[in-house]
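Across the two complexes that follow, subunit A remains constant while its partner is subunit B and subsequently subunit C.
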Partner chain A sequence: MAPVESPPRKAQTDDRLRVVGTSLPKVDAVAKVTGRTKFADDLFLPRMLHCRMLRSTTPHAEIVSIDTQRAEEHPGVVAVLVGRDLPTPYGILPVSQDEHALCIDKVRFIGDPVAAVAAIDEATAFEACELIEVEYAPLDSVADIEDALDGDDPAIHAYGDAHNVHKVVALEFGDVEAGLADAHLVQEDLLFYEGNTHLPMEQHAALGDYRPDDRLTLWSSSQTPHYVHRALATVLEMAPSRIRVIATPNGGGFGGKSDPFNHEIVVAELSRRTGRPVKICLNREEVFYCHRGRHPTLMWIKTGFKQDGSITGMHFRSFLDGGAYGSYGVASTYYTGALQTVTYPVAAYKFEGLRVFTNKPPCGPKRGHGTPQPRFALEVHIDKAAEKLGLDPARMRLDHLVEPDSVTANYLKIGSMGLGACIEKVVAESGWNDRYGKLPEGKGLGLACGSYISGAGLPIYWNNMPHSGVQLKLDRGGGVTVFCGSTEIGQGSDSVLAYVVAEVLGINPFEIDIITADTSLTPVDLGSYSSRVTLMTGNAALQAAERARELLVRSVAEKWDVPGVRVAMADRQVFDVQDPECTMTFAEAVVLAESKFGTIGTVGSYTPPRSPGRYRGAGVGPSPAYSYSATVAEVSVDVDTGETHVDDVWIAHDIGQAINPVVAIGQVEGSVYMGLGEALMEEMTYRGNRNIVHHHPSMLEYKSPTTHEMCRVHTYLIEDPDPNGPFGAKEVGQGPLLPIPPAIVNGVYDAVGARVDEVPVTPQKVLAALKRKAKQEEPREGPKKAPQFVWPEAIQVPPPWAGGDGRARDERREIGGGGVRK
Partner chain B sequence: MMRLPKFRFQVPATVDDAIAQKREAPPGAAYVAGGTDLYPNMKRRHQEPSVVIALHAIDELRRIVTGADGAVSIGATATLTEVATHPDVRVAYPALAETMHLISTPILQNMGTIGGNVLLDTRCNYYDQNYEWRKSIDFCMKKDGEVCWVAPQSPRCWAVQSADSVPLLVAMGATVDLVGPDGDRSIPIEGLYRDDGILYLSKQQDELLTRIHLPSPNGWRSSYRKVRRRGAFDFPVLGVGAWAELDADGVVQGARIVLGGVASSPVVVETAAQALVGSSLSAEAIDEAAELAWKTGRPLDNTDFTLYWRKEMIRPTVRRALEDLASHR
Partner chain C sequence: MRHPYPVDRLGFMAPSSNAIEAGAYVSLELRVNGELQAVSVPVHKTLLEVLREDIGLTGTKHGCELGECGTCTVLVDGQPVLSCLALPAALEGRDVTTVEGLESADGLHPLQQTFVELGAAQCGYCTPGFVLTAKALLDDNPRPSRADIETALGGNLCRCTGYLKIYEAVELAAARMRGEPGEPTREMLYGAG
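Here is the complex of A and B:
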C-alpha cells in the first residue's frame, strides 16, 4: 500500500487516565434497571389522543378511492388523515425523496399506510380504521431480485437507474483483468445473504404535541432526531425553528430507527389538526413493516490469488433487494462494495452493484450497514481459496494485511490497523493451530475477519458543518452540564460524553448532567448510526472540555500566581503539581473562572478529515478510523438433522482505546449474538404465492436466538490507539458482527465438509449439502446463478500506486446506461 | 400495541357453577385457565368471546392426586410447572415431567396449565397472525375466511396439532374426565381429538375438562422428543411420544408411537409400534420402527421449517425417542 503523510503516532493514553479505560457503570444504568427511564410510549400528556394507521392489504395497487366518512362519524374519533393531506414527499437521502407519510396514489407493499385516525383511545382508533373503505386497483407485483430484473412488471417508482432498478454502481480501480491473468488461482463464487430485521425490544413510538402558538414538539424513539426535524419541517411546511424534536432513549435501535418515519409525521400533523397531543405506539407487526433492515443480497465474487495468497485482482458484484422505497439504499449499495479493500491488500478492484425495488417493506441500514453481506462473501471465498492454495486460512490472512497509514485501491485512508494482533489473539486462544482440521466429524473451527467504519466521512445531506457539536455549561456550584444532539440507543453514548468530560475536568462522571437528543436544547449531532458517536461526539466533547479546562486553569493560575502548566485537575480537586498542599475544589475553580470571565460555557465540534477519494461514489466508505475484528467459531453439526450449534466464539476487536471496557465488551457480545441470529436462523421472508405478505411478522415466528442458542463468547479488546479517535478510540458497536456469519459457515465446512454459501445456515440447507456429499456430488448448497444484467461501463479510477490522485480518469462521465437484458 | 377486545370476566367457585355459567353465557363464551393460549388468540381476534369464565378459583381442578396403585391424576388447571415439579410425577412419570419443561418458556410454564395444553388450539402459519395480516390474505377457513391456504383445493382446515403433552399422553394411554350439562364422562385421551383443524376436539362446547388420569406406573417406559427451531418459546414442528411395556426379560410386549405436529390430531403409528413388539428395543427394531413412522408422517406447509425437512426429521426423531426408551431405567 502507498504510504501517506500521517500525524505522528503518539500514544494519547497514559497512566494518568482516571476515567477513560475504566469499567464504570453507565450513567443511565440506575434509571434503566429501576424502571425510571421514560421511553416514548411511557409519555402521557393531558387530553392526549391515540393514533392508529390503516395499512395496505395488497402489495402493489393504485388507490382508486378512500372513503373515511364512517370512520369520521365513529364516536370517539377526533380526526382522520389520508395521503393528500400530506402531499410533500420525503426520504432520508436527498436523492431518494420517494416516501409519503400516507400513500396518495398507490401502495407499494403490504403494510404501506393509507390513512390514520386520532381517537380518544387505541381501541376506538382500531375500530375506526376498520370503517375506512379503500378501493384498490391491483397491479402486478415484484417479488424479488430476479423478478425485478426481468422487466415484466409495472414500475414501482417513476425514478431509478433502470426499470425497477433504484441504483446502479460500476467502479474499477486498476486493471482487474490483468490482475486475474497474473494469478496462480482464480476463485469464483456466488453467495447469498438473506434479509433480516433489527428486532429492537421497544416498538417505535412517537408523541406529537402542537401548541396554538404554532410550535410543535415531537418525542420519538428515533436514532436520528436531526433528520426527523428536517423531514418534519419539509412535510409539514413549518419553519424548523418552530419544531422541536426530542429523541427519547431508544429501547434498541440497531439502525431500525434511523429514518424519518411516516408515523412520526402523522402524529405531528394529527396534533396540529386536533390541537391535542397525539401518540402512536406501533405493534410488533408494524415494526416489521417499518423494517429498513438488512438487504437480501446476492453476490458474485472472482478473485485472483498468487501462490502465497496475495490478491492480484478482485471483481465483486452485488444485487440488493431494496424493498419498496429508497431509504438509505443508495448508500447501502455502495457499502456492499466499499470495504473489501481495507483488510487484505487488493491490487486492482472492480465493483458493480445494483439495488432493485420490490413490493416489500423497505430495506435500509442494519448494524454493519451493507457490509456484513460482502464480508460474509469475501471471508468464505478466502477460506475456499486457502484450501485450494494449501494455505492455513489464518496464516494466509496474517501474511497479507493492509498496512497502517496507507491508502487502499479505492482511496480509503487507513489509520491504525490492528487486525494482525486480532488474528494472532484468537488463533492462540482457540487453539487453532492444534485443532483446525483435526476435530472429529461434526465438530469444526472456522475463522473470519472484518472491519468497519468509525463514522461515515460525509453527512447524509451535503454541507460543510460539523458532524457533531457539544456545549458545556459550568455553574458556580461546581455542576457541569453537557448538551449534545447524540442519541442514547443503549450503546452508552450518554456515558461516553460524561466519561470524556470527567476525564478532562477531573470530576466524577456521575455528577455531570447529560442533556442529549433535543433539537431545541442541544447542538446538532447527526445521530446514532454508522458507529460514529464515540469518535465524533467524543472528539467534540473533548474539545469543549479542554476549552473549559483552559478557562479554569487560567483563573486558578492567576490566583496562585503560578504558570498554567502547574495546574492539574483530578478527583474533583484542582492542585498545583509542584505544591500538593496548594489545592481548591473544582467548584471553587469554577467560581474563580466565572468571576473572571463571566458565565462559563464552551463549545466543541467535530468534522471528519477529508478523504483522498475524489471520484463519484467516493463518499461512501471513508471514515476517520477503521476498527478490525477477527473471530474463530467452534461449531457442532448434527449430521442426521443438519442442525448447527455454535459452541464458542473467540473474538478479538481492535478498538483503538476502550473508553469503557465493560460497555465495549457488551457491544462485542451483542454483535456476536446478532451475527449468530443472522448466521443461523433470522429471515425476513415473504409468501410469494400469497400476495407477498410477510411470512411471520411476530417475535414468536421470526426466529431470533434465545439463551439456549447463544454461544460462549471470549472477547479480547486490542488497543492500538488511533490518532483520529478521542483518547485513540475507534468503534465497537457494529464491526464485531461482521466476522460472525462467515466464521460459522467456515466452521460448518471444517465440521462436515459441506459448503453452505448462503445465510442463514438452516438445518435443511446443511442436510441438503450433506446428501449431495453422500451422493458424491458437489457438497454445496447455495445460489445457482446470478441474474443477467448489462452493467454500464465502469468509472475508471487509477489506484494510488498507479499514479492516481483519487479522481476518475474521465470525471465528466456520468454513470448510467445500465439496463435489462430481455 | 395489540389490545384485548372487551369481554366480561367471570370467576365461578365450583365446577358446577362453571358449567352453569357457561350454559347461560352467549355462544362463543370461553373457559380460561392460564390464558397463555386464549388471550394472545383474542388479541389476534381468533376467538372473540363476550364472556370469559376463569377457572383459577376452583381448587379441586388444580389438585394432583396419587392413588393407591401409584397412579397419578392431575387436575386440569395444575400449571405446567406444578406438574413438572410434583414429586410423584417426577419419580413415576419422568418423561412427562421433562416434557412440561419443553413447552414454551419457564415463565409461561408458570401460567400455562396441563388442561390448556391438552386442549391447545391447532396452529397454522396462515392462522396464527394478527387480524390485519389475515385480512391481507383474505383470511382463511379457520377464522373469517373461506379457503385453507395450506391446501387451497381442500374442503377442510389443515391447522396442526401443536401441544407437546398430547403425543406423550396418548402414547401413555391417559384418560380424561369431562364434565358437562348432560353429565360426566371419562374417555381415553386419544378420543378427545378429531382430525380437523377447526373442529379438532370431540369435547362438547359446554363440557369442561377437569382431570387427566395417568396409568399406574408399572412395567412400562415412555419418552418424548421435540423438534423446533430454538430451545425455548417454539411450538413443536414435530413431537414424538413413545411408550413400551416390557417383560422381565426386557422384551417388548406392547408399544405405542405417536406423532405430534404432523396433522390436525395426534397420529398413532400402529405399524411402527408393531415393529417393536417382541424385540428388546434393539437398534434394528428401532431403525425399522423409525422407517415405518417416516412413511406414515405427512407434514404440510403450516409450521416453521420446510415440510420436506420436517418429514425427514421423523426418522431420526423417532429413533432418538426409542433410544431414550431403550436406555431408560
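Here is the complex of A and C:
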C-alpha cells in the first residue's frame, strides 16, 4: 500500500523549496482514514479498571459529608477516592492554583467532581457512584457578571483582586483623554460575546498505569502533556522523573484540552492505589462541564477618530465571566486588551479589564484565546464609525494600517504585516466595491479583519529555557527519527516536523519517523496552544536538521575532497553542485558521518525574542510574529423569521509562508466554520434563577453548524514571510476565526439596517432589532449598560512615540485599589 | 443465559453486576467485515461497545453515545447505522462494515485515498463515520450533486474541517470510482485566486 506520493524527485542543484510550500498529505493521514490512530479511549491494557466520577448536583455549596461506604462495598468496586485523598491544589497558571482533583470542602458548579470510583467495568463504577451519599449545605450562587459584581453573594474563592473578582487589569499607554478630545468623531459602543465551548468530537479520556517500582505512565487526550506532567508531580507528590505523560493524538482540541484536568490526576491516583491500569472516558455531558471555553465577555469601547478614519485614542473595557476556577483566566483577561493595537495604529490606548468568578463550568482558552471577543467589538465599532464618517469600511481600514517592523502603543513588536494585501484581495474577489450597500433588502456584505499571535512570547511559568526542543536521530540505513514534545491535535504538527526536516536534509518526509508528545522520549515542547507550534517547533526542527546536515556535509566534503559549500542534498541524494555526476545516497552520507563522528544525533531548540514591553502585564500579547486576516461575508437575513444564513465567505490570510498549503487551507476553512458557529448559534448558557443548570449539555441541543449551515468559503493565502518564522511561516490555526463573527454581524447590518451588538446573532435578536427599527427607535439589539465598577488607577506606560522605553512611569506602583460599588 | 464467571471484587473477568442481576446475556455471531465473530455480551451492550471492547475494532469512534453526532457510524447491509444505538442481538445475519473493512488488497478505498490527498481528515476522529456514510452514498448514487452530499452527511458532525474538504474528497472519489480521471484542482490544494 503506497497511498502517498513522494515529493517531486528531480535531482537539481537549485535552491528552490522541494517540500515546504507543496500541498502534500499529512504524515499521519493514512492512519487516520483507516481507523488505526490510537486515541486515548482506544487504549486497553490487561487488568484495566474503569473510572467514573461523581459530580456536584448543586452550583454552590459546602460539602457537609461524603459517605462512600456503600460504594466501597459494592461488588466489583476496587477503590474509591474523595477530595481529602488528593489535598494539594493545582492549576495551569502559577497565580491561580485554585483547583483540586476532587472537591474537598465546597463545590463551585454543577459538574464539579466530588468522588471517583475504580471498578471492574464502567457500569459497575457508575452504579457505585450512585451509592455515594453527599450532603451539601447550599450557598447562594453567582450567576453572571452583574451578579458577581453586586457583592451580595458569598465568595466563591478566598482569593482574587476583589470580592468574586479574580483579576483586575488597568493599563494606559499615552493620554487617551487628550486623544479623544482631538477627535472629529467619538464613537462609543457596548457589545456582548456569549460564551461557547470547543465541542471536540473526541470526549476527553485518560489512562493511568502505575507500577510498584514507583513509576507512573499517563496517556491522555491532552494538548499540553508537559503541563500535565508538572501537575501530576505536584499533586501526587512524586518526582517528575518517575512520571511519564504521553499525549495521544487529540480528537480535536481547540484549546479545550490545554489545562491539567481533575480526571487525569484521579486515574493516576487510582492506579497508584490499586496497582492496576485505570481508564476514564468522560461522557459528552461531562465534556461540557470540563469546558475551559470562550469567556462570556461584555465590552465597552470608546474611540476617537479623525475625519480620515485614523484613531486618536481608544478606551476599552472588558468584563469576563470566568466561571468557577482560574484556569488560564488571568491570561484571558489580558488578551481581551492586548491585540486591539496590532491592526490599525492607535495613538493612545487605555485598557481596563476584569474577570469574575461565577458558579459555572470554568472558562479558559478557546481558539483565539481572549481575542475573538474584543476583535468582534472593535470591527463592529469601526464599521459604525465608518458609516458616520462617510467612509467605505474597507478603504478606511486600508488607509490606516500598522506599519511592518514597528512597535505598537502597548509595545508589541510587529514583523511582517500583510493585512493590506488581505483586504485588497477579499475586496476584489467579493466584488465589494460594486456590491456593498447595494444588495437588495435582506442581502448584505460585511467586512472585518483580525490578527493573531504565532505563539506567546513568554511561557506559562517563569523560566529561561527553550519553548520548544527537537532531537534528531540518523541511522546508518538512512532512517531519520524526529523527537519533539509537540502534540498532534489534528492541525498537522507532526507533519510540520517531517516537512521541515525533509526540506533541510533533502529526504522524503514520509520516510521520517515522528515521535512526539511523550515526556520520557521527547524534549519539552510547551504544547499545542496559542498557535505556537509551526513557528516554534518548526524553528527547533530547522536548527536540529541544519546541525545534522552540517555533519553530513563535512563528512562527504572530506571524502570528495571538495569545499563543504559544494555539497548539496536533495531528493534523497547528496551531490557536488559543480559536478552533478558525483553523487551518493543519503544513507551513504549518514554512514560516512557515523564513521567519522560516531552516532549521529543533533538537537535544536527555540526561544522567542524578548519583547520590548517591560511593564507589569507586558507578558501577554508579545509574539515572534503576527498573522493577519481579512474577510468579506455575504449574508441573507429572513426579515420574517429573523434567521441569518451565511452564503459566502471570502477570506485572505497572511500566513507568512505556507509550509503545506492544503493543510493551511484546512485550518482557514475550519476557523471560518467555528467562527460561523459562534456568530450564529453556539452558546454555553444556563437556566435562570440561581440553579445555574446548563441549558443543553448535549451535542443535539448545543447547536453547532452541520453541513446544512456551513457556507461556501473562498480562501486566499497571502504569503508575506516573517523573518522569525521557519521559512517565513506564521500561524494559521486560530487567526482566521477572528474576523468571522464581526464580518457576519456587519453583513447583517448591510442586509437589514439593524445592529445586533451581540453574538450569537439568533433570530430572536434580529427580530427584536427589526421591531425597534419599525417603531423608529434605535434599530439595535444588544447589551444596555455596563456594570458599575471602580477601576483602580491605570498603570501609565508612555508609548514609544512619546519617548517611552517600555517601562511603566512608576514601576514600583502595583495594581490594586479596585473595588465593588453597590 | 447467565454469565459463567463469578462476581469477584478483584476479578477483572467478571461482567457488571447490573448485567448479572438482569441475567441478560446473549451469545451470538456477528458478521463484521466479512468475518464471523462469536461474542457473549450483556443484551444491552451496544454495537459500538461490542465492536470496540469485545472484538477489538477501535476504528469506530464515539462522540456522544446518544445518537446525536454520527461519529460512530458503521454500515449494516451497506446502510449507515449509528452503532451507539444499535444492539448486536438485532444484527445477527446482517453484514456489518467498519472502517477496518474498507481497505482491500489493492490498498485504500478511493474515499480514504482522497481524504488523505485533500486533508479532509484533520484530527481524524470523525473520519471513519464520514468515510462510511459517504461510501453508502456513492454505492447508491455514483454521481451525487454537492447538495446530495450535504444531505447525506448532514447527520455527521465535524469540528475541524468545516466539511468543505470532505465534500471535495467525496466528489473526487466519486469521479475516480466512475473511472474518470480524478485529480485535485489547483484551487483545492493551493486556494482560490
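The rule we apply is simple: the second predicted complex is superposed on the first by the 806 of 822 C-alpha atoms of A that agree within 3 Å, B and C clash if a C-alpha of one lies under 4 Å from a C-alpha of the other, contacts with A are read in each partner's own complex, and residues count from 1 in each chain.
We adopt the following convention: contacts are C-beta pairs under 8 Å (C-beta built on N, C-alpha and C of every residue); 3 or more make two chains touch, one makes a residue touch a chain.
Just so it is clear, the structure is predicted and the values come from calculations on it, not from any experiment.
Once chain A of one complex is fitted onto chain A of the other, the partner contacts of A:283 extend to both subunit B and subunit C. Among subunit B and subunit C, the chain that touches a larger number of residues in subunit A is C.
Shared-chain residue A:706: touches subunit B and subunit C both. By the touch criterion defined above, A:123 reaches both subunit B and subunit C. Once the two complexes are overlaid on the shared chain, A:715 sits against subunit C while remaining clear of subunit B. Look at A:767: by the touch rule set out above, it reaches subunit B but stays clear of subunit C. Look at A:75: by the touch rule set out above, it reaches subunit C but stays clear of subunit B. Contact with both subunit B and subunit C is seen for A:698 once the two complexes are overlaid on the shared chain.
Of the two partner chains placed by the overlay, subunit B and subunit C both lie in contact with A:203. With both structures placed on the common chain, the touch criterion links A:681 to subunit B but leaves subunit C unconnected. Subunit A residues 122-123, 203, 283-284, 698, 700, 705-708 lie at the interface with subunit B in one structure and with subunit C in the other. Contact residues of subunit B toward subunit A in the complex are 1-3, 5-6, 125-126, 128-130, 132-133, 135-137, 149, 227, 229-234, 304-306, 308-309, 312-313, 316. Residues 1-4, 23, 25-26, 28-39, 41-42, 44, 47-49, 74-78, 120-124, 127, 198-203, 249-254, 276, 283-284, 425, 429, 489-492, 661-663, 665-666, 669-670, 672-674, 676, 698-700, 704-708, 710, 713-717 of subunit A are the ones that touch subunit C when the two sit in their complex. By the touch rule above, subunit C contacts subunit A in their complex via residues 7, 9-12, 14-19, 52-53, 57-66, 68-69, 71, 98-100, 102-103, 107-108, 112-113, 115-119, 121-128, 131, 149-151, 153-165, 184, 188-193. Residues 55-58, 110, 122-123, 126, 203, 281, 283-285, 640-642, 681, 687, 690-691, 693-698, 700-701, 703, 705-709, 762-764, 767 of subunit A are the ones that touch subunit B when the two sit in their complex.
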